[in-house]
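Which chain is which? They are A, B, C and D, in the order written, and residues in each are numbered from 1.
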């Protein structure tokens, strides 16, 4: 037992008359004062957001709650259709797919900005940094993360709105500047319209809030759990999972049944 | 194909220049205006909360974010320790356990109040209703849900604080009154101190917000997803899962290894 | 610490030179001798199957591995499409849906047989038992579990084959007899063809193997995990999740985009 | 709709009188003939194993079923303790952790062997290949995957037993030879005893069975699902999750409660 390590958590603890969360008295400091978004910020950073940070962070998080009938939403609905008594497991099933494909480009965009400007200095040579970034992705024949959108053309409306909210709250910093310069540079190099999308805007603004790139996925998971609950509610009232399954099954096996 | 049903969702949809969530324009109506908690309310009810509802709903949700080193938090940490590259799956693992044991008493309490007062009339005979409820549980030799707490004695400090927030925002209605009457009646019948706990307070206040009892679990899932992300963050920095596992494994197999 | 309980597991333990699983020496008694299905039986019952039990149990388990493009398989494929780096989480997502809807009727059938014949006596009045069962379900306007199939008509081919395997291996006992009598009785009472389906056959045979009704879901989970891995493999090579999602999304929001 | 892709699966399909799985007639070709392990092999490779392949594959799979009180087993037990009505979700929670940490070294070992000997020729220069492998890991100051074990010293008993089974069944090929040479070389370079462990043995034998390295994780997931069901069964009878949680919570927050 000599190599026994201690076990320690500083997230929450209780006495008979108090509950403390992240150093704050739940009843005195948190309840009635702080919103769910503020607590999410606290969980991610160990400190409370300022009023302005709260507005900007909530805007990011809210953007990520709901993206319609995503693969995650379909996984949640399929799971609910088989186990309605365990709706928590249906949300869990939907969260499991928030991996490299759908969340990856946001992480890559945030990381790209963070590594280009580790010190968040405003005096960087943004033209040169943007050129370096774009050349790197172009050289690998990859898309630059955070740019372009298959549907939202010529502009992803979330990007200018999120930037506006950031700027109005004093977060008009170097990462937004760099992201914009990357978009400009990429349009020249790739020879097509490549506006900043929601992913790129969130990545840049998260950096303005000093959130490390890894935190991006965590915000997605927090926010999407809320959205998936909404899908369960709709599936309960107006189910579609069975019909999606029936059609897919019928078509997918038609060639085997000789009825294609 | 004649029995093909239509597939329909009304949660979110997009055009090239707009995104609509639950009937609201994401960029114009939601971003910068609504907080994460407000969107959670929208997902649960299809409408926006009033300012007062928002304060009360956020207080409920915030209460449910973090309960320390719960079985869910340990499941999340164990999962993260094996698959840190898929933190979304670690949150999912933690959510899977939010079932009948830990969430059940809150659901039962909300259902008990809802069924006793389906019309939310203020003119009910609260004494009689409370007696009926307590007798039913006592007759089955069950605890009345929403009362008592193993640690928080003589009072669960969350309950009076949540009631205070509800009352200050105009939600001093029949369900809170009934819950209080149930507690009083139960103390007499069970012959011990049985103060309303956080579960009972949330159940009553959720009913004041006209949230059906089934919604209680959904709020727990939304809120706890946020808390579990916080546990992953701490596990990454100060891991404890391995040590918990090592100790449990050592002790649990000691009798087999002849070293008990 | 006085109320500290001991922690104990008897499943597996190791010394430097041995590994013991359920009391058997992994290297000497298990590897090279026992198959995956035998170990599954061991995990479920704490004993090894006889050769005949092994054949019958494997037949049941194998029947449950693969049911085509089920809601679970779609959930797994959707999840894999978002997080291919975490295929274990995609299998997990698919398992989450193995609840009351798809597994429930098998559990209900097994429970119905177990409760009708708790002692597995061969001298019961099978006619009367079957009548009682059928009347109970018919009185509640419910279908009798384990009977009928939407596609497999007039006979679910798995049922006679599974019964044949059971009988050939000496398991021609009272539960199979009762299930058959229930089918005969139900056809008379419901006035339509109601052959025993795979669910009913498995429920009866599981009882012949003395497996309690709760074990049925456990066999499903074990077996389906294997099948879901197969779906991931196919999704990797010939992906369909995206197309299913794209079509569903397009149709489901058409009425909102005014293009229905 | 012009860019509509077809949806197709070849895993399973049915007619009223037949069920086909992977091209085999379930009732005629599979039930009563093939074991659960054989079907697992079929799902992984699209073909049936020979008798000898079946013995070897089952030995690998069986080795992976049960590793005692792992983080996965604890996650499953914690989840079950909160949601016993959804045992499928408890297995799912346990599977979620089968990622890079616990499964990674087996994947890395299999990949290392596969890439060193892509053609499985028996005429390779095994000394040189082994030296190259060991130098690469040693140069990066990493452990060579598949070698050494914290408990099983001087030998992991599973490795020689698994090799024996492989050899007895005709799979005494170049990958086993290479793995052995890597162990010999590593002992020289790292200057300590580094016997092949179960991971290394399974990686080598999987390659002898021509299973690509990616399949290793899939076998783990299939096998461990079976083992986790066993843990749920024990947790139901002799629960330990609560006690593990209570102790961890007490110790982990002691410093906050001023009782450390």
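Definition applied: a contact is a pair of C-beta atoms (placed from the backbone, for glycine too) under 8 Å apart; a residue touches a chain by one contact, two chains touch by 3 or more.
It should be emphasised that the depicted structure is a prediction, and the values quoted were computed from it without experimental measurement.
Participant: Quick check on the contact network: minimum steps from subunit A to subunit C?
Facilitator: The fewest steps needed to get from subunit A to subunit C is 1.
Participant: Which is it for copies subunit C and subunit D: same residues on both faces, with over half shared, or different residues?
Facilitator: Because over half of the interface numbers appear in both copies, subunit D and subunit C meet with the same residues.
Participant: Rounded to the nearest whole Å, what is the centre-to-centre distance of subunit B and subunit D, using the mean of the C-alpha atoms as each centre?
Facilitator: Computed value for the inter-centroid distance: 38 Å.
Participant: Whole-Å distance, subunit A centre to subunit B centre, using C-alpha means?
Facilitator: 24
Participant: What is the distance, in whole Å, between the centres of subunit B and subunit C, each centre taken as the mean of its C-alpha atoms?
Facilitator: 32
Participant: Check each residue of subunit B and list the ones that touch at least two other chains.
Facilitator: Correct list: 6-10, 12-15, 68-69, 83, 85-86, 88-89, 92-93, 96-99, 103, 240, 244, 248, 252-253.
Participant: Subunit C touches which residues of subunit A in the complex?
Facilitator: It is residues 68-72, 74-75, 78-86, 89-90, 92-94, 96-103, 240-242, 244-245, 248-249, 252-253 of subunit A that touch subunit C.
Participant: Going by the contact rule set out above, which residues of subunit B touch subunit C in the complex?
Facilitator: 6-10, 12-15, 20, 83, 85-86, 88-89, 92-93, 96, 248, 251-253, 255-257
Participant: If you look only at subunit A, which of its residues touch subunit B in the complex?
Facilitator: Touching subunit B from subunit A are residues 4-19, 21-22, 26-27, 30-32, 34-37, 39-40, 43-44, 54-55, 58-59, 61-63, 65-69, 86-89, 91-93, 95-99, 103, 151-153, 155, 157-158, 161-162, 164-165, 168, 217-218, 220-223, 225-227, 229-234, 238, 240, 243-244, 247.
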